[in-house]
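Read the structure below first, then the notes.
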Amino acid sequence: MRLSDICEKLARDYVGEDREISGFQAIQDASSEHIVYLENEKFLNVFKNTKAGAAIVLEKHREFVPENCSIIISQNPHLDMALLSELFAAKIIGSTSKPPQIDSSAIIMPNAYVGNGAVIKANVTVMAGAYIGENVVVEEGTIIYPNAVVYNNCVIGKKCHLLANCVIGSDGFGYAHTKEGVHVKIYHLGNVILEDDVEIGACTTIDRAVFGSTVIKKGTKIDNLVQIGHNCELGEHCIIVSQTGLAGSSILGRNVVMGGQSATGGHIKIGDFTTIGGRGGVSKNIDGGKVYAGFPLMLHKDWLKMQMKLLSFFKEKKI
Amino acid sequence: MRLSDICEKLARDYVGEDREISGFQAIQDASSEHIVYLENEKFLNVFKNTKAGAAIVLEKHREFVPENCSIIISQNPHLDMALLSELFAAKIIGSTSKPPQIDSSAIIMPNAYVGNGAVIKANVTVMAGAYIGENVVVEEGTIIYPNAVVYNNCVIGKKCHLLANCVIGSDGFGYAHTKEGVHVKIYHLGNVILEDDVEIGACTTIDRAVFGSTVIKKGTKIDNLVQIGHNCELGEHCIIVSQTGLAGSSILGRNVVMGGQSATGGHIKIGDFTTIGGRGGVSKNIDGGKVYAGFPLMLHKDWLKMQMKLLSFFKEKKI
Amino acid sequence: MRLSDICEKLARDYVGEDREISGFQAIQDASSEHIVYLENEKFLNVFKNTKAGAAIVLEKHREFVPENCSIIISQNPHLDMALLSELFAAKIIGSTSKPPQIDSSAIIMPNAYVGNGAVIKANVTVMAGAYIGENVVVEEGTIIYPNAVVYNNCVIGKKCHLLANCVIGSDGFGYAHTKEGVHVKIYHLGNVILEDDVEIGACTTIDRAVFGSTVIKKGTKIDNLVQIGHNCELGEHCIIVSQTGLAGSSILGRNVVMGGQSATGGHIKIGDFTTIGGRGGVSKNIDGGKVYAGFPLMLHKDWLKMQMKLLSFFKEKKI
């Protein structure tokens, strides 16, 4: 789509060269065919060096736009991005007419759906009622259980188990907001990548990235009814127990254990070999190698002591 | 069904005119074809003016039954209602022989099911494996993702997104209880109404009303793995983050935000423009316009201070 | 499979007679065709009397192996069990060629799948998109709602309601761990048994047992989005409210009520007629007949008082 057409949709002008734009991209990953937006000043340093072909920015950030990058001035770049995201969203059906490529050793049960462009490799089993979207790749030996859903463009590694009714790659929960309090949907243009030997529990949901990928690394095991937000990255060999919720862009190191019903806030980093006890709520970055609990989070041993102290104070009627 | 037949099923007598009864209804919404029940005295004033054709009441409430309303005296009106609810429940299949009416511009993918009496309007997409029950209406431009389920008689507005494996309109979790501790299922006779521009996350469940409707108003966005109980009403432009649970009959105003893993108790009202932080537990009615957190709930700023104070007291060994 | 073949897979030797082994079994339930493993010394007394044909044990436990039981010495019996579990796992498809046996009064809707060896009795309804695995038995009058999934070998009682998108019998979340932090999947060889009059909510997940059965007894009602771990046993007429999570091997008595978003740790026993309030976290065995709340758990009345005291202390600036 031409930059001039994009600007017509937004009813905005642009400064610089008109050019072909293929879609949105994260600031650091963009090339000349991409458009980016800037609103959060924390990305200003990265933005100054973006290779993007066009940028939507506030008037006050105009001076930071690199040479050769066309400029759209906006009073709400995030909202404009949301409004444009629908234009660049992958078509949910009909994105390709290439028939799926299914290895002769794979088992596709009745009532399973495999979309165009999908690649199903050797010894894969797709059970009844499962949905494999367009252009999905499923590597050797993976089992997709009944009624599991994998949205378009996701990548599933070798020997994974996707248990019944899990959902891989649905749109993340992201909106831009108008002054009137209306929420404008951000179509999520990225995907989900599961590496090898990953297990996804029944009715667990893993959202696709806004741009780029939500990534679950090799050997990580996720229990039932877990929510993994858009753009999360889970390291190798993590254990995520049932009903845990990871907010968008949570980054977990390797061998992180999240106990049942635990949670993270958004944009949190958890170091390697960390254990979060059941119900632990992680709202700040934490170093690796320790055991935490509580909400607010503290060392597990402190949480235990503090709860015991509180209870004995209460019984002694000091509180 | 004749009132006399109903009484035969319950092995009870009635006082007043025998008449045709089409089903149960809420006390304030009933007309002469409906039967109602009274057990909670908080509804006594409304009950005195009901237009219902028949009422199941305790002996002590006989005097409050309006003229022209036939009377069934019961020692347990709630239990009798539950026992009768099965008789009046909509048939899950076979309620109509009218074929579904599907606009020519709509896309119905393979293995999707559209029940009799359903109306699928222009530019709707029903993806593979989705289930659209009998008499459901889906308005223009809505997308029903793979394996999503919409039970009978629900109404879905324009441009909604129902993500994969969500469930709209399953029976609420309501039972009457015998003296012996047996739970008697209350068949839910109402439905779910989603207004326009509503988004429902993957594996989210929204229960149908006992009588009347569970309602999600225009522009409200609900994340993955959320539970919305029977007879809830969510105002316009609410944001309900993942793994939140709203108990039955929760009433939310407009632009209410519920953080991740938050919850309400039953029959709670939350005012417009309220924000509940992650894990907040709402057990009383709250006014609008403020930010709350904690369980028990308090102002978010108080919760933060209190948690910090507790932690510093613990570190100073005062507790 | 011959014991000698099993040992070849593990690259281990055995002592005693070579014999035919049909699979793993719990120590107390094993007979001569079974192999067992011992790692936790708490089972030592039971182990001394096992009837198993073979046992995987640590060198130091060799002396406790009963006569007539062949011995495999291992440095990690639990890990060896996990490695072997895949060999003994039921085939997900193709375990039998016997066609399903469906009563003529049963309704099987389009796109439903009923596996070989399954038995569907009178007046059962299997709605569109539901999956009934091989050798499943569904007793009279039960309704399986759209897209619900029942894995192989599970047993569903009379007049049960399995609401849309629930999952019965998926593999429990159990792994053995190598020294390098890799998690080795334990294939779950047991099943799930639902007795009569059980209701399972939408998107609720009930895991199959490692060995033996996960059991939900007569009349128990489970709400939406609940997780029931492997080998749990729920007594008659329990009420489990939405988003509750029961960890593996939780044992609940009869008429236990678990409030919304409550939880148990693993291997917990809860006595008859206990009520756990919303968000209650049960980490120790508790007696029956009382009402509890909080995490750590305490009597509900104490939890209420303690929270009120804390709040008033905070307001008086004592903390």
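Should a chain be cited, it is by its letter among A, B and C, assigned in written order, with residues numbered from 1 in that chain.
To be clear about the criterion, a contact is a pair of C-beta atoms (placed from the backbone, for glycine too) under 8 Å apart; a residue touches a chain by one contact, two chains touch by 3 or more.
Please read these numbers as outputs of a predicted model, since none were measured by experiment.
Q: Looking only at which chains touch which, which shape fits best: line, ring, star, complete or other?
A: Contact pattern: complete, every chain touching every other.
Q: Please decide if copies chain B and chain C contact each other with the same set of residue positions, more than half shared, or with different positions, and reply same or different.
A: Chain B vs chain C: different; shared/all numbers falls short of half.
Q: Please report how many Å separate the Cα centroid of chain B from that of chain C, as a whole number.
A: 31
Q: Could you say which residues in chain C touch two or more other chains, in rising order?
A: Each of 111, 129, 147, 165, 203, 225, 243, 261, 310 in chain C touches at least two other chains.
Q: Give every residue of chain C touching chain B within the complex, in rising order.
A: 107, 109-111, 125, 127-129, 143, 145-147, 161, 163-165, 199, 201-203, 219, 221, 223-225, 237, 239, 241-243, 254-255, 260-261, 278-279, 307, 310-311, 314, 319
Q: How about chain C: which of its residues touch chain A in the complex?
A: Those residues of chain C that touch chain A are 92-93, 111, 113, 129, 131, 147, 149, 151, 165, 167, 170-171, 173, 175, 181-183, 185, 203-205, 207, 225, 227, 229, 243, 245, 247, 261, 263, 265, 281, 295-296, 298, 302, 305-306, 309-310, 313.
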